[in-house]
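Read through the structure below, which is laid out as structure tokens, and then see the notes.
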Amino acid sequence: MILPLFFIFCLFSSSHAAVQDFCVGDLTAPQGPAGYSCKNPSKVTVNDFVFSGLGTPGNTSNLIKAAVTPAFAAQFPGVNGLGISFGRLDLAPGGVVPFHTHPGGSEILVVVQGTILAGFVSSANTVYFKSLKKGDIMVFPQGLLHFQVNAGGSAAIAFVSFSSSSPGLQILDYALFGNNLPTELVAATTFLDTAQIKKLKGVLGGTG
Amino acid sequence: MILPLFFIFCLFSSSHAAVQDFCVGDLTAPQGPAGYSCKNPSKVTVNDFVFSGLGTPGNTSNLIKAAVTPAFAAQFPGVNGLGISFGRLDLAPGGVVPFHTHPGGSEILVVVQGTILAGFVSSANTVYFKSLKKGDIMVFPQGLLHFQVNAGGSAAIAFVSFSSSSPGLQILDYALFGNNLPTELVAATTFLDTAQIKKLKGVLGGTG
Amino acid sequence: MILPLFFIFCLFSSSHAAVQDFCVGDLTAPQGPAGYSCKNPSKVTVNDFVFSGLGTPGNTSNLIKAAVTPAFAAQFPGVNGLGISFGRLDLAPGGVVPFHTHPGGSEILVVVQGTILAGFVSSANTVYFKSLKKGDIMVFPQGLLHFQVNAGGSAAIAFVSFSSSSPGLQILDYALFGNNLPTELVAATTFLDTAQIKKLKGVLGGTG
Amino acid sequence: MILPLFFIFCLFSSSHAAVQDFCVGDLTAPQGPAGYSCKNPSKVTVNDFVFSGLGTPGNTSNLIKAAVTPAFAAQFPGVNGLGISFGRLDLAPGGVVPFHTHPGGSEILVVVQGTILAGFVSSANTVYFKSLKKGDIMVFPQGLLHFQVNAGGSAAIAFVSFSSSSPGLQILDYALFGNNLPTELVAATTFLDTAQIKKLKGVLGGTG
Amino acid sequence: MILPLFFIFCLFSSSHAAVQDFCVGDLTAPQGPAGYSCKNPSKVTVNDFVFSGLGTPGNTSNLIKAAVTPAFAAQFPGVNGLGISFGRLDLAPGGVVPFHTHPGGSEILVVVQGTILAGFVSSANTVYFKSLKKGDIMVFPQGLLHFQVNAGGSAAIAFVSFSSSSPGLQILDYALFGNNLPTELVAATTFLDTAQIKKLKGVLGGTG
Amino acid sequence: MILPLFFIFCLFSSSHAAVQDFCVGDLTAPQGPAGYSCKNPSKVTVNDFVFSGLGTPGNTSNLIKAAVTPAFAAQFPGVNGLGISFGRLDLAPGGVVPFHTHPGGSEILVVVQGTILAGFVSSANTVYFKSLKKGDIMVFPQGLLHFQVNAGGSAAIAFVSFSSSSPGLQILDYALFGNNLPTELVAATTFLDTAQIKKLKGVLGGTG
């Protein structure tokens, strides 16, 4: 049996067909709409498929008392092209992950410690939110505004998974107040008062 | 030649294979993740592929002095499953389409009258905006917050196209202030002042 | 502003466009290649997007000392059409999830308790395996044979996420020995000894 | 081991998750953009996955001395949703499959008897054609005009495969001359002479 | 809040994850099946997302009295990978866009001036055509033969959008008569008279 | 007509838009999740779309009396990105293609000589198998374990087509016994006896 099948495997190992099982991202090579170029499969090891950066808590010593640690293709190249990625969410007591979207994928969150109040708003403007306890999972459809809040008195931890290897993350406050979009343009397109806008631009480092 | 090829066409017309050219949405039948069920192809006419609702201006006698008229699969079933849809944008002088996203598709806007200032914000928090004149087109990548403002003294008109037959439309102000999401929760997840939130909930019909 | 935008929302709420944000599976309606038919969005509640079945350990009082609890579209209809699903893995000391594949999606596993030795084999016949500790994640590319083994002395728990709402699960031993595939045919297509096949058919309830 | 895994299989067999392995088309149920509704998996047998209609020659006693026998989802429901379909091509001496396209998929042709001259034209207007002998395969990219001609003195047979379960088939002569498109409109949009158009409309049963 | 979220943004801006919001085509870098390689996001400006080439009429001083101006990924790299592109159609009185297909995408046409008679033919050989007035839109499903004719006495203008960033364009007359496909082969595969073929080859610069 | 349309073609030939009709793989350039980089279209000839390697029998002088000859993107770069590939199967009397999967695509097999017993196992653990005669086709859904056995007294030949340009091939015996996966780990994850594992590792060149 060795000969002909080995012949097949020779074909495969001498070609790049096998890499189609996976395409570990080479962050130094050209990137296309489908993701990063593939690392040479002969140089791929198990460590390309394992990521240990989520084992330690993110730093929640900040105003939102929260931290998000992504394991997207840019941080975990092993998921490149596989249509999936992951992350960790740490919420200190009073911690909040403010309204945000993932333009490129849907999300499932699982609570592994504490209690988290999570919700999203649909295109039809309906709000869906609930308090989640340890072991509960909630799905957030692609591109919709959603949030997570620590609903208990102790630190909360969650893992989040996405239906894309690069789902993106657009945090509402940063999009509105953390850049150089002129205050009057923010006011015209959000109906917020100018004073409110200037106040939050101050907090978030925005200009204009 | 008639016999065998006619035989082929008989196969096709007696089967539903031909409907795979298109799948005109039957809004009364079950809907799935890929779109509406298909109308019986024998009942499809050219009128299923033509939509005349964009020929007349939308009503801009309102606070934003703007109107958006969609021709998505729900309004124009002929696009169901074809990965494309359309719409019309009317902006009176001073008109604004406030910050919004399309969770399900990318958009191209073409200015057909007047001048429009349009922009979007990326996941990396960069703002891209420009004043567009008649004939200019601008693309807005899927799921990102974007806006359009009448940048001239006269009425502006644009047509918009989308990379999905049901791209969705999530208008930021309505998502935040037009529903029953409790004020304290909006405050916690947006860092807006409570007074600001209550003021806009009043304008947009929100409660809580 | 209320009138025209409300007009838009009327369009959307009176149509099914909004359901395109999500398509909660109606397990009683026709199913298509893209998934289940959509539940009427007016009947959808937050409970359709939350699943609590993963909060309690699976029963590991069995020969493999392991249990897999899926939250695929069939168990968690809220993920239908969203390209993502979830599950829980319990491994008692000595527990094993034997070789299996998910024909329809890639998987990411995160260890939340204990130590797990996990691995997969590529089309090029290379083995990638590693011992994972709490907080480590590993990705298993779509369709490839993989396994998980409790590598510690205490119970291990992991959550698993998939890049499909219905990734499927084909367990090698059940595929070979748990059905009515004739012993001689199993022997001819696996090169296993007949005695070995009959022994495992006995354990797994296979016939022929 | 039986209990917990059997528990999993119970979940799966009592649910519709398993059907996601395949979705045998139910030609009597609603059809969507992704294909036909799925036949109840408990009623699916091996005969749903086997098609014997390509074992006998098509009838080539006709003007083009050729016959195409499709095994698309409409004729072979087992391929529904699997992104693949098949067909048989018979070419008597002098037989021709005139210019046609498959709007929904790419094609690979394999010659199993005789010699076939096959070719296609690209969007850049380049012609790619070659005489194929027994065992040769040629790929025709999606949507491009292509043809096949018997290039030998004896009957030729080929099998064709497609990258869609419903690739469609648009035969140029029938599209132009086999329907009720007015002659003057055909002339205006093809630059063919009116006499030529009327002559072929006569052959192909067109009117107007 | 600045620190941890800024930390996230640092990750993103120092990585290429953000580019996944968009992938502005670098026409000088390798191209893959999904499109062009991505321009370095740090070099992307708003001008990459705006195209002004459709603001001026195409030259209709020609035999068909028509001009098509594409804004596909090759002309408008900002749409690369976004599943959408655009174009402009100018039809002088008597102007015609002859039968053509877009192998890679569906099309929506909107009339912005004049009257246009547009139509397409399905795989089932049915013709769908209608006279469109200003503001009307019509959808042409992917890969099907279609045409547009000026149906009024004055110049007509339309914008066209596509469900692909590179839909392609195959013009029937050029595919048949504008290259070196031998006359006898054109005759055999179209059933057109040799004199007719030679006449049009002469007009369109074809040889053989 | 020449001028404007020629103008279009100039645009296309001077750009890479036309290459979107196809993307012949350049095996020496970067590869991404969607496949190989595209060969320069100006260097593409008809020979890139034709593959003659399936015209001669594979070598079946081996233990399984069978040979599989792939025409995937790695061997036949013309199919790169087109979602389809091909192969040939030779089965001498008594020949067997042992249990294997294609992680990346579904398969259709057509018998062109002899008789073949073919089957697959579903996620629900049901076996579907049947004896196929000349001209019969059978479809094997993506990622599921399947096999083919010569069911007659003479040599059998089949062609196989796939719904991916790189479907992959994972042969069960090689995955379990043809690499360095430790015997005790194979035993733990397959429940096979150690002696059986060592015996097959010996045959297939496995170690550990």
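Think of it as A, B, C, D, E and F in the order they're written, each chain with its own count starting at 1.
Here, a residue touches a chain if its C-beta (ideal position, glycine included) is under 8 Å from a C-beta of that chain, and two chains touch if they have at least 3 such contacts.
Here the structure is a predicted model, which means the values were calculated and not measured.
S.K.: What's the overlap between the neighbours of chain A and those of chain E?
M.R.: The common neighbours are B, F.
S.K.: What's the chain with its C-alpha centre farthest out from chain F?
M.R.: Taking each chain's C-alpha mean as its centre, the farthest from chain F is B.
S.K.: Provide the C-alpha centroid distance between chain A and chain D, rounded to the nearest whole angstrom.
M.R.: Centre-to-centre distance between chain A and chain D: 42 Å.
S.K.: Could you give the separation in Å between the centres of chain E and chain F, each centre being the mean of its C-alpha atoms?
M.R.: 35
S.K.: Using the average of all C-alpha atoms in each chain as its centre, how far is it in Å between chain D and chain E?
M.R.: Using C-alpha averages as centres, the distance is 26 Å.
S.K.: Would you mind listing the residues of chain B that make contact with two or more other chains?
M.R.: Touching at least two other chains: 1, 9, 12, 17-18, 20-21, 30-36, 82, 103-104, 119, 122-123, 125, 129, 141-144, 168-169, 171, 173-174, 191, 203.
S.K.: Think of each chain as a node with edges to the chains it touches; is that a line, ring, star, complete or other?
M.R.: Its topology fits none of the listed shapes; call it other.
S.K.: Give the pairs of chains that touch; include all such pairs.
M.R.: Chain-chain contacts present: A-B, A-C, A-E, A-F, B-C, B-D, B-E, C-D, C-F, D-E, D-F, E-F.
S.K.: Can you check the complex and tell me which residues of chain C touch chain D?
M.R.: Residues of chain C touching chain D: 27, 30-36, 58-64, 66-68, 70, 72-75, 103-104, 164, 166-169, 171, 173-174, 203-205.
S.K.: Which residues, counting only chain A, touch chain C once they are in their complex?
M.R.: It comes out as residues 1, 9, 12-13, 17-18, 20-22, 41, 45-47, 49-52, 54-56, 71, 76, 78-79, 82-86, 88, 105-108, 110, 112, 119-120, 122-125, 128-130, 132-142, 144, 159, 161-163, 191.
S.K.: Which residues, counting only chain A, touch chain F once they are in their complex?
M.R.: 1-9, 11-12, 15-21, 23, 26, 29-38, 80-82
S.K.: Where on chain C is chain F touching in the complex?
M.R.: It comes out as residues 96, 98-99, 101-104, 117, 119, 121-123, 125-127, 129, 141-145, 147, 149, 168-176, 178-181, 185, 188-193, 196, 199-200, 203.
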